[in-house]
Amino acid sequence: MARFLVKRNQKLGTAPGSLVFVGKQRVDKVLLEILSYDKLNIEDKEIENLEELPKLINPKKVSWVNHVGIHDEKAIEKIGGLFDIHPLQLEDILNTTQRPKFVEADGYLFIQIRMLHLKEDNSLYTEQLSIILIDNTLISFQEIPLDVFDPLRERLLRPITKIRHRKNDYLAFAMLDAVVEQYIFIIEKFGERIELLEDQLLQRPEKSHLEQINRYKREINFLRKTVRPVRELVSQFKRSDSPIIEGSTQPYLRDLEEQVVLATEAIELYKDMLNDQLNIYNSGLNNRLNDILRVLTIFSVVFIPLTFLAGIYGTNFEYLPELHYKYSYPIFWGVLILLALGMVMYFKNKKWL
Amino acid sequence: MARFLVKRNQKLGTAPGSLVFVGKQRVDKVLLEILSYDKLNIEDKEIENLEELPKLINPKKVSWVNHVGIHDEKAIEKIGGLFDIHPLQLEDILNTTQRPKFVEADGYLFIQIRMLHLKEDNSLYTEQLSIILIDNTLISFQEIPLDVFDPLRERLLRPITKIRHRKNDYLAFAMLDAVVEQYIFIIEKFGERIELLEDQLLQRPEKSHLEQINRYKREINFLRKTVRPVRELVSQFKRSDSPIIEGSTQPYLRDLEEQVVLATEAIELYKDMLNDQLNIYNSGLNNRLNDILRVLTIFSVVFIPLTFLAGIYGTNFEYLPELHYKYSYPIFWGVLILLALGMVMYFKNKKWL
Amino acid sequence: MARFLVKRNQKLGTAPGSLVFVGKQRVDKVLLEILSYDKLNIEDKEIENLEELPKLINPKKVSWVNHVGIHDEKAIEKIGGLFDIHPLQLEDILNTTQRPKFVEADGYLFIQIRMLHLKEDNSLYTEQLSIILIDNTLISFQEIPLDVFDPLRERLLRPITKIRHRKNDYLAFAMLDAVVEQYIFIIEKFGERIELLEDQLLQRPEKSHLEQINRYKREINFLRKTVRPVRELVSQFKRSDSPIIEGSTQPYLRDLEEQVVLATEAIELYKDMLNDQLNIYNSGLNNRLNDILRVLTIFSVVFIPLTFLAGIYGTNFEYLPELHYKYSYPIFWGVLILLALGMVMYFKNKKWL
Amino acid sequence: MARFLVKRNQKLGTAPGSLVFVGKQRVDKVLLEILSYDKLNIEDKEIENLEELPKLINPKKVSWVNHVGIHDEKAIEKIGGLFDIHPLQLEDILNTTQRPKFVEADGYLFIQIRMLHLKEDNSLYTEQLSIILIDNTLISFQEIPLDVFDPLRERLLRPITKIRHRKNDYLAFAMLDAVVEQYIFIIEKFGERIELLEDQLLQRPEKSHLEQINRYKREINFLRKTVRPVRELVSQFKRSDSPIIEGSTQPYLRDLEEQVVLATEAIELYKDMLNDQLNIYNSGLNNRLNDILRVLTIFSVVFIPLTFLAGIYGTNFEYLPELHYKYSYPIFWGVLILLALGMVMYFKNKKWL
Amino acid sequence: MARFLVKRNQKLGTAPGSLVFVGKQRVDKVLLEILSYDKLNIEDKEIENLEELPKLINPKKVSWVNHVGIHDEKAIEKIGGLFDIHPLQLEDILNTTQRPKFVEADGYLFIQIRMLHLKEDNSLYTEQLSIILIDNTLISFQEIPLDVFDPLRERLLRPITKIRHRKNDYLAFAMLDAVVEQYIFIIEKFGERIELLEDQLLQRPEKSHLEQINRYKREINFLRKTVRPVRELVSQFKRSDSPIIEGSTQPYLRDLEEQVVLATEAIELYKDMLNDQLNIYNSGLNNRLNDILRVLTIFSVVFIPLTFLAGIYGTNFEYLPELHYKYSYPIFWGVLILLALGMVMYFKNKKWL
């Protein structure tokens, strides 16, 4: 399957806004829970039946409705109906191949972002996170339970934390912040490996380095494709004048935007470094080619005339006077050695030796 | 014929706005049909005589006038006259080499886009689709009957679909959406092949890969040239404040724009990948050159001194004492073997072996 | 003479606005004619004496004053005086090395563009065309009589054409349109050759291809330098709110702008293709180097040990037992053939054969 | 540790705005001093106990509170409390991996910039400088005492200097100016080395040059990453309409911005030069490969036929007439010499010699 | 000394606005003269004592105060005091390493630009020109007397010239125009050489070409650095609404801007051409490597088997029947010739010969 682009609707010609799950099912069963909190209290409840949801939302508290597993088109549709969400957004939630986006719709905000994971073989894959901000409620849709949100949940449960004094827009920020923090963590990991590779390359280029450079390039491209649109997303979030976003959240969004800029700049830098490494690799190859051929040339050039002379005195001409002098053989060796030394001097002079 | 640019008027000096068909005739006979629908009813009718067309358009219903085959300049001119279309737009319809465009003219909207097709040999060709939105009517001009619109027609015929509740602007969106969906389908196909090629290249570069990289590059360039202007087109469509476009169509156009952005980003990515592949190919070639010359050098350098020594004892000097000792021959072999081993050690040391 | 930049005033330190002809004189004698037309009538008259010009201009008709040959500084100055043209524009008219431009001056519009010609050896040269739009008059200055305007003149002479119903701004558009049409014609010609070259390159790179790639690159650069500023020119023409430009000419200018965009995009594309071709050429060279050295290596490696062995048995050691066995010689051949076969197997295995 | 990106909070999932020191502790003990001045007087005082700070600030004088050593999270928090600084800014101060920034917060300005240092091995490292402008006070946070500010302090202590007539905004400018001056000093140092390297490269490329080019590239990238965001910072500082910034400081900020532009332009230029140098290096390698192989080829081609001929007359055919003529041997030498001369002429002709 | 960036204040930590001369003193003694003119009269006077200057300025005439030699910090300071110039501008005047700039200060305009000179060895150096426009006066500061202004002075002295009818803003334009004309003159010179080099390269790449390409690249970079900021400068000059600039000067500034655009476009073009030339050079090297190795391979491959066969019949096996046949020797030659011919045919077939 093409990694960098996957069609949204597997069946050509599906109507836009049709609710079809696109992706791989990652959890057996949809998990739905609600976390309602204000400064004083916090309540956590798993929801078995979607119908109960409206009753559980207390408009005076912030409610975080967390929906894990997005393969159940019916469930998503029902939630869409409860909160009056546009079918296009529901389609986006169901579709795991979306570009990160921020949509300011009638009455709610819709955010989609991709969570990055690093596999053991250094390749990356992503999970999609969709967030809806409506009134005092945040609804999140995850493909699998994401452990990056565990510290967030912990902070929520502790009574004194700042997050409990704030509304759902700050909660959304905190989720995005956790995602971006994970990006930076992964870029840092890649960065370390790329910098290490550079040192190895400069020492001695190996065939395997070409493969590594190329693999890193692919992953960096993947990173870039994932992270770059997030800058736009956060910037739109920040600039939005939706009443859902409180003024006091602005500095946090500004801070988040800076983190994303930092991340994209680092990605560009590592991309450039990998291109440079390919150049170093090739220059290294050329250096070795030079070395190899210098050895061949020196050896050949030194011995070719010697072998030729030996061939001369190996001829069977009847009248070959040198063959019969007594000191011919030692003189012959002397000439050979002088010739060889001359050659060596010549190459020394040329700095080939 | 140059693939990336074809002059509009084959005869130099034709007046702008002249109606001359430019392209290859693709259907024998022009086919004209009208589809009129509202929430309750839908009617499909083939039109034999252009004169009937005005009577068939019911201003209370949405009318889709579909005109297949654009070689008949007279017919196009007549339609232009009926709907009061500017000659420049008629010229564009007749000309199959146009850049995708969105024109907001007096009283109507004009959209032109290129449909992509993938031939069996992985090369691409395009068909032109022109759309006019006027009052409650959509007139489309196709070179051949495009089967990407079959699902659309089916959705129209089914009574309950959203499309039946909407106006001709949504119909235009749905047609563009089908075209863009086809782009993404084709980019995905190319992507798979390019990613496969990368794996093969890293294993062992073959001469045929160079040809493949180059062919893909050409097609990706063609894709890019076709898809990139569509972004501008959709953006202008979205931002237009023409009364023909209803507010409720906006989110769909926004969604469509995102799909086009996704597509262009993927094209850029695959373009970069192909450039990287050319580098990998060349590095692979260099690697093999190194291998070849290492083999040559090792063999030559090991045997050159041995052959020289054999030449020495093949000379016919009368006074060559070594020739006459009893153990000369075995000693000679010993020396040769020691020399050869020394050389091999030397190359092992240099990591050439 | 440097092709891509020529100083305007050959004498350093000339005052700006000085009227000095810069270029090569292309016609013997200045030719001046006036074409006056309205819907009903058209009159063509050669002007012998510049003094008559004002009397010949009928303000109720459109007048096209065509001035061929721009080496006569006096004549240009006189026209400038008659129509009250700023000296800077007169200097521009006299100077054949100008960048295409659109100037909205007090009371008139000034347009300068370069006409492209393709010489038989595939190199390009340009002629400068200057246009002044003032009241109901268009004054054009050409270096030589340009035959691209013949169809335009024919259309003017025919009574029914659209151009006769319009003013001088449409005439200016029609002239620019003819020039841009010629650009596209030339780009198309180049495109065909470049695409052909690509096919040849992929088959077998020849030394001459390097020269061709480079020559095309130079010409494409020249094309680019000529065509790119035209986009800006047309865009300024279109956006100008000068009363000389009628509203009904706008769609034509928009259409012209699109043609220029099409042309510049095609130029960029062919530029990229030529860069790719240089890469293909180099990869092709590397491929051949590999082939050449594979042949050398295989031959050398197969024969080097054989020749060494022959050398061994060519030595004159007295006690060399193998020489005296009866079957030594056939056994020796057997060993040689086995060795050679072994080598060939080895290379087959390595896929070098 | 990755050099180009380091995560802000080492522990994943820390709440934004948490005060955690990120970096290496550089000084043993936090040093806090206050410098209060107006036109007439200046007073310098070390502060032992943070509690005294508010009393020491005289609102009629400019106060420079200098805080050296940022590992003490408690101290930073206390200062934050005293001046009512947003926790996000305090987090930034504690975190040594920030992107340079200018924040216009409620009631104060916050500036962060990186100080560059050149180590003896030509590698770079940075120190972070944070500045808060509030009322008539400037609070600076440094990792270590930075000696670039010594001349600034001297100027402050001298009675007649301009800086004493101005407010804290000018002091902030002066600090940034010192930092940027240091940037330019370092870029100049690198520039000299890079220009020197170019001369060496053109003479004779050495393996070590590849390493040098690459090291410089890395450092130039680091420089670029450090300096580029400063342009934005200074531009925001300049454009800010905060009442803290006086009109008379504007020209200085404009001047500072120009210096940063100068610095970034020079960095880009040296980056390009290093890329060019890699090309020169590779071309130089290719040149040498040509030289090496020309020597090998000439030697081989001259001697191969000679050795072959010697081999012919070394055969033991019984009926080989040439062996028995008296002058065979001298004639043989003559032929060999003629052959060799012919070859040499041939190569001379080909300009290989 | 680094060529592309030099620190403004050689002593680190100097206060901004300090008047320190940075550069090489180019004239022995400061020369100061004043040229006062109006339509009717012009007066030229050398000024010995700065104190006289104010009396010499007649507010009804245009005064051009020309100050040659900028090493005298005191003199500059005094002038600054007389005309009330900001210290930052005085610092800029004294500093010969400034980026071209246009500053609109309180009551005056400040322009700085770099004059280009071409040395005999084709390298470039620059002189700094600073211009202050205040009331009806233009004060220029030059490092040495620049002869590009001689024609300007001549035009001033002639009574009928346009320049005498205009104010100091036109004089400033005329000075900039002379500087830009000199840029174009130099770019044209470089262009001719670069185009010549391309022809030589395509014929036969020489080692010296690599050096030339590189030297031109350096100088083109230097040109670019000098010329590019001038576009911005002229554009700011043109757009300025300072009362010092008269409306009638606008078309001239527009024309000047176009000349600078022309110059920068040509610089970019030659930069690209030099990059292409490096590619041609490398392809040429590769071509020659191919040629060299084709010769080596053909010779080796033809002779290797022949020499081997000669070696076979040079062995001393006792029972080697072929040696004793009468026609062995001629047959042997026949076989050798056939083998050689076969090889030659093979290479002909492969198009290597």
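Just so it is clear, A, B, C, D and E label the chains in written order, and each chain counts residues from 1 on its own.
Here is the rule we go by: contacts are C-beta pairs under 8 Å (C-beta built on N, C-alpha and C of every residue); 3 or more make two chains touch, one makes a residue touch a chain.
Since the structure is predicted, the reported quantities are computational estimates derived from the model, not experimental observations.
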item: Labels of chains that are neighbours to chain C and to chain D; value: E
item: Between chain D and chain B, distance of the C-alpha-averaged centres to the nearest whole Å; value: 42
item: Whole-Å gap separating chain B and chain C, where each centre is the average of the chain's CA atoms; value: 26
item: Residues of chain D whose C-beta touches two or more other chains; value: 282, 286, 289, 293, 296, 300, 307, 311, 314-316, 320
item: Successive chains along the ring, chain C then chain E then the rest; value: C, E, D, A, B
item: Touching residues (chain side chain A, partner chain B) in the complex; value: 1-9, 12-17, 86, 88, 99, 101, 103, 105, 204, 207, 210-211, 214, 217-218, 221, 225, 278, 281-282, 285-286, 288-289, 292-293, 295-296, 299-300, 303, 306-307, 310-311, 313-316, 320, 322-329, 332
item: Sites on chain E touched by chain C in the complex; value: 148, 150-152, 154-155, 161-163, 173-174, 177-178, 181-182, 184-185, 187-192, 195, 198, 202, 251-252, 254-256, 258-259, 261-263, 265-266, 269-270, 272-273, 276, 279-280, 282-284, 286-287, 289-290, 293-294, 296-297, 300-301, 304-305, 307-308, 311-312, 314-321, 352
